[in-house]
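In what comes next, subunit A is part of two complexes: it sits with subunit B in the first one and with subunit C in the second one.
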Partner chain A sequence: MIAIERISKTFETRRGASHLALGEISLDVADGEFVSILGPSGCGKSTLLYIVGGFVPPSTGVVALDGKPVTGPGPDRGPVFQEFALFPWKTVLGNVMYGLLERGTPKVEAEAKARALIGLVHLEGYEGFYPKELSGGMKQRVAIARTLAYGPSILLMDEPFGALDAHTRTGMQNELLEIWERDRKTVLFVTHSVEEAVFLSDRVVVLTRSPGRIKETIRIDLPRPRRRKELLVDNRYQRLVVEIEALMDTPAQRR
Partner chain B sequence: MTQRAAPELLLGILPIALILALWQALTSFDMAPPALLPPPMAVFRRLVEQLGNPIFLQHTFTTLLRLFAGFAIACLVGVTLGLMASSSRVAESAIRPIVRVLAPVPKIALYPAFILILGFDHASKIALVAADALFPILLATYQGAVSVEPKLVWSALAAGTTRRKALLTVVLRAALPSVLTGCRIGLVISCIVVFLAEMISSTDGLGHLLVYASRSFETVDMYVPLITISLLGLSLNAGFNALRRRLLAGYPEAE
Partner chain C sequence: MRRWSAIPGLPPLLACAGLLVLWELAARGAHIDGLPPAHQALKQVPAILLDRESLFHIADSVRRMLIGFALALAFAIPVGLAMGRSGKVAAFFNPLLMVIYPVPKAALMPIIMLWLGVGDASKTLVIFLGVSLPLIYHSYQGARAVEEKMLWSASAMGMNGLQRMMRIVFPASLPEIFVGLRTGLVLALITMVTSEMIARQAGVGNILFNSLDMALYDRVYAMIVIIGILGFVLDVAFERIRAWFVAWADSQHQIAVGTS
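Take a look at the complex of A and B:
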C-alpha cells in the first residue's frame, strides 16, 4: 500500500523567493489499485509522482510503502515517463535487459526474459534497433518493458502517452490495460486527459490549480475487463467523463 | 555519418590545391629564391625519403608519445573533474574558481616553469600539452553532464543502479557526444602545443627538427616536419571520428 501523508513541495525560485508547487496532499493507494491523478498543467501532479518515486524529496510530509518511509528510488517502484527516457546507446534488447542485469540476473536468463517482455509489448523483430529508429509509441512500449523487467510492484506513470498521437494513444491504453489485467500491479497514473483517466482507473484524483491540492476523488466503478467500444457508448462512462470535466473546468476556461 | 557527395569532397580539396599551386608558382617563376622557399615537390620527395629514415621516425615517435601522453592526462583529469563538478555542489564550488582563474592563462607562459620543475625531457612537454588540452575537455564534460536529462538517471536509479555507478554508466555515457567534442578540440590543441613546446626548447621531436633545420638554412628539411605534423593531425582526427561514430551509434547527435 502507498500511504501519502501531508506531502507538500516548495521550490526556491531564482530570486530566493519560495513557490509552493504542491499543497498538502494525503492519499492512500491500495495494492493492485489503478489510481489516476488528474489536474491542469502546472498543478504539481508530476512532482507528486516523482516524490513517490523517491526522485525528488518532499518539503514536508512522508510517503510510506507498506509502512516503510520512502528515502530514495528503488526497484519496487517503476517509473514510465512521457519523454520515454530510454538509453540512446542501448538497443531495444539492451534497454529491456538493463534492470535485469543490474539485479544480477545471469545474462542468458536476462536475455530470455527481455525477449519475452519485448513480445508482450508486441515489438518482436525490433530487438536490435536503437530507440532513435523507433516511433513514439514503440519507444514507450520499450520503456514499459524496461520497467516491467525488474518486477516493480508499483508503476509510476507520468503522462506516459502524452507525447503520442490520438490513435497511438488509444492503442497504448488498451495494451496497458491488457498488461495490467494480468498481474494487477498498483498503478499511479498522471494525466491531463479525463477520458484516459476514466477509461483506465479504479479511482480518479482531481487536483486543483497550482498549488495542487486534492479537489475531489471519484471512484470509477465501471466493470472490468473494460473494452473501449463498449465503454464509449456506456452511459455511466459518459456521465463520469462529463462530471469530472466539470470539476476541471475553471472559470477562465468556461469563457 | 553519411558519405560526403563527390562535389563536396572536390570543393574541400580545392583550397588545398590552390595553396600548393601558389607555392609551386612562386618557385617556378623565380619569385622566391629556392634557397628560401623550396619547390613543393622537393619537400614531398624529402618527406617520402625521411619516412624511411629511422632517425626521423624516432623523432616522430617522440612527438607522438608526448602528444598522446599529454592528451591522455588531459582527458582523464578533464573528464573526471568535469563529471565531479556536475554531480556535487561541493565539488563544483571547489573546481569552478580554479578553472576560472587558470583557463584564460596562456599555458605556454607556464612552460619555463615546467622546464625548471620537471626538467628538459618528456615530462615538461607532456605537462604543457596536458595543461592546454585540459580545459576544453573539462568544460565540455561539465556542460554535457549537467544537461543530461535527469529522467535518464532516474530510470537507472529506479532499476537499482547506485548513484555513483549511474554517474559513470549513465551520466557520462549520455554526455558522451559533448565529451567527445571537447576531446576532439583537445586533440587538435595537443598537436599544436607539442610541436610548439619542441620548437621552444627540445633536443628531439618534430618541432626540434624544424627549428634545427631553419637555423642551419636547410629549408627543405624545415618544411618536412610541418607537413608531417599536419598529416599526423589529419590521421588522428580521422581515427578519432571513426571511434566517435562507433561510440555514438544510437545517439541522435551522431547523424
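Take a look at the complex of A and C:
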C-alpha cells in the first residue's frame, strides 16, 4: 500500500522567493489499485508522482510503502515518463534487458524474459532497432516493457501517452489495460485527459490549480474488463466524464 | 542524367588537382625562391618518406601526439562529465578553464621548456593541454544535456551515482564527446608541429624548419603536404571509429518505421 501523508513541495525560485507547488496532499492507494491523478497543468501532479518515486524529496510530509518511508528511488517503483527516457545507445532488446541485468538476472534468462515482454507490447521483429528508429508509440511501448521487466510492484506513469497522437494514444490505453488486467500492479497514473483517467482507473483524484490540493476523489465503478467500444456508449461512463470535466472547469477557489 | 558531383570521391580529388595546378602556374609565373613549382615539391614527398631518418622523425611526432591525446582523453572526459553533472565541480574548474582556453598553447611552450626541458615531456604536455580544453568543454556540454528522466530511470533500476556516471552519463554524452575529440585531434596535430618548431630537436616540425633554414624550399613544401596527408588519414580513421561507436545517434540511420 502507498500511504501519502501530508506531502507538500516548495520550490525556491531564482530570485530567492519560494513557490508552493503542491499543497498538503494525503492519499492512500491500495495494492492492485489503478489511481489517476488529474489536474490542470502546473498543479504539481507530476511532482507528486516524482516524490512517490523518490526522485524528488518532499518539503514536508512522508510517503510510506507498506509502512516503510520512501528515502529514494527503488526497483519496487517503476517509472514511465512522457519523454520515454530510453537509453538511445541500446537497442530495443538492450533497453528492456537493462534493468534485469542490473538486478543480477543471468544473461540468458534476462534475454528470454525481455523477448517475452517485447512480444507483450507487440514489438516482435524490432529487437535490434535503436530508439531513434522508432515512432513515439513504439518508444513508449519499449519504455513500458523496460519498466515491467524488473518487476516493480508499483507503476508510476507520468502522462505516458501525452506526447502521442490521438489514435496511437487510444491504442496504447487499450494495451495498458490489457497488461494491467493480467497482473494487477498498483498504478499511479498522472494525466490531464479526463476520458483517459475514467477509462483506465479505479479511482480518479482531481487536484486544484496551483498549488495543487485534492479537490475531489471519484470512484470509477465501471465493470472490468473494460472495452472501449462498450464504454463509449455506456451512460455511466459518459456521466462520469461530464461530472469530472465540470469539476475541472470550476475556477480555483480562493484561499 | 548523373551529375558529376554525385560520383563519390570525385569532387575532393578535383579540388586537390585544381589547387596543385594553381600552385604550379603561380610558381612558374612568379619565379620566387620560396615558392618552388608543385611538381618539384611533390617529388620530394617520396624522397622524405623513403628516408629512414625522416621516417623516424615522423613516427616520433605521431607517437608524442598519440600519447598527449591519450592522456587528455583520460583526464578531460571525467573532468568534463563531472562538471556537467555537478554545479560545484563546474564552479571550481570554470574560471581556470576560461583563463587557459584562449591562450595559444604554443605560447606556453617557452615556460614549459624551462620546467621540463626541450624533450618529450614538454611537447607532450603542450599537446595534452591543447586537446584537453575542447574535450573538457564538449564532455561538459554532453553531460549537461543528459535527460534527467533517463537518470531517474536508471536510479529506479538500482544504480548509484557513480554507476549512473559511467554507464548512463558517459554513453549518453558520447556523440558530443566525439565532437570534442575531433577538434582535439586537429589541435593535437597543430600543437605537435608548433611545439617542435619551438623546441627543435626531433620530429616533423624539426625537419620542416631545418629545411627552411637551409633554403630547401621544395622539402619545406613537401613536409607541409605530408602533414596535410597525415591529418587527412587521421581524420578518416577517426571518422570510422566515431561511426562505429555512435551509429545509434547518427541521423542517416534514421528509418522511422511503421505507424504507432
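The rule is short, and it goes like this: the second predicted complex is superposed on the first by the 249 of 255 C-alpha atoms of A that agree within 3 Å, B and C clash if a C-alpha of one lies under 4 Å from a C-alpha of the other, contacts with A are read in each partner's own complex, and residues count from 1 in each chain.
One rule holds for everything that comes next: contacts are C-beta pairs under 8 Å (C-beta built on N, C-alpha and C of every residue); 3 or more make two chains touch, one makes a residue touch a chain.
The model shown is predicted, which means the values in this text are computed figures rather than measured ones.
Superposition of the two structures on subunit A shows subunit C clashing with subunit B. In the superposition on chain A, A:Ser135 contacts subunit C only, with no contact to subunit B. Once the two complexes are overlaid on the shared chain, A:Pro88 sits against subunit B and subunit C alike.
In the superposition on chain A, contact of A:Thr168 is made with subunit C only, not with subunit B.
Looking at the shared chain after the overlay, A:Gly99 reaches both subunit B and subunit C. When the two structures are aligned on the shared chain, A:Pro73 is found in touch with subunit B and with subunit C.
In the superposed model, A:Gly32 lies in contact with neither subunit B nor subunit C. Within the superposed three-chain model, A:Tyr150 lies in touch with subunit B and with subunit C [touch as defined at top]. In the superposed model, more residues of subunit A are touched by C than by the other of subunit B and subunit C.
Shared contact residues of subunit A with subunit B and subunit C: 50, 53, 55, 72-75, 77-79, 81, 83, 85-90, 98-99, 102-103, 130-132, 146-147, 150, 152.
Listing the residues of subunit C that touch subunit A in their complex gives 147, 149-150, 152-153, 155-159, 168, 171-172, 174, 246-249, 253-260.
Partner subunit B is touched in their complex by these residues of subunit A: 50, 53, 55, 72-75, 77-79, 81, 83, 85-91, 98-99, 102-103, 130-132, 143, 146-147, 150, 152. Note for the complex: subunit B touches subunit A at residues 149-152, 154-161, 170, 173-174, 176, 247-252.
Across the interface of their complex, subunit C is touched by residues 50, 53, 55, 72-75, 77-79, 81, 83, 85-90, 98-99, 102-103, 126, 129-135, 137-138, 146-147, 150, 152, 164, 167-168, 171-172 of subunit A.
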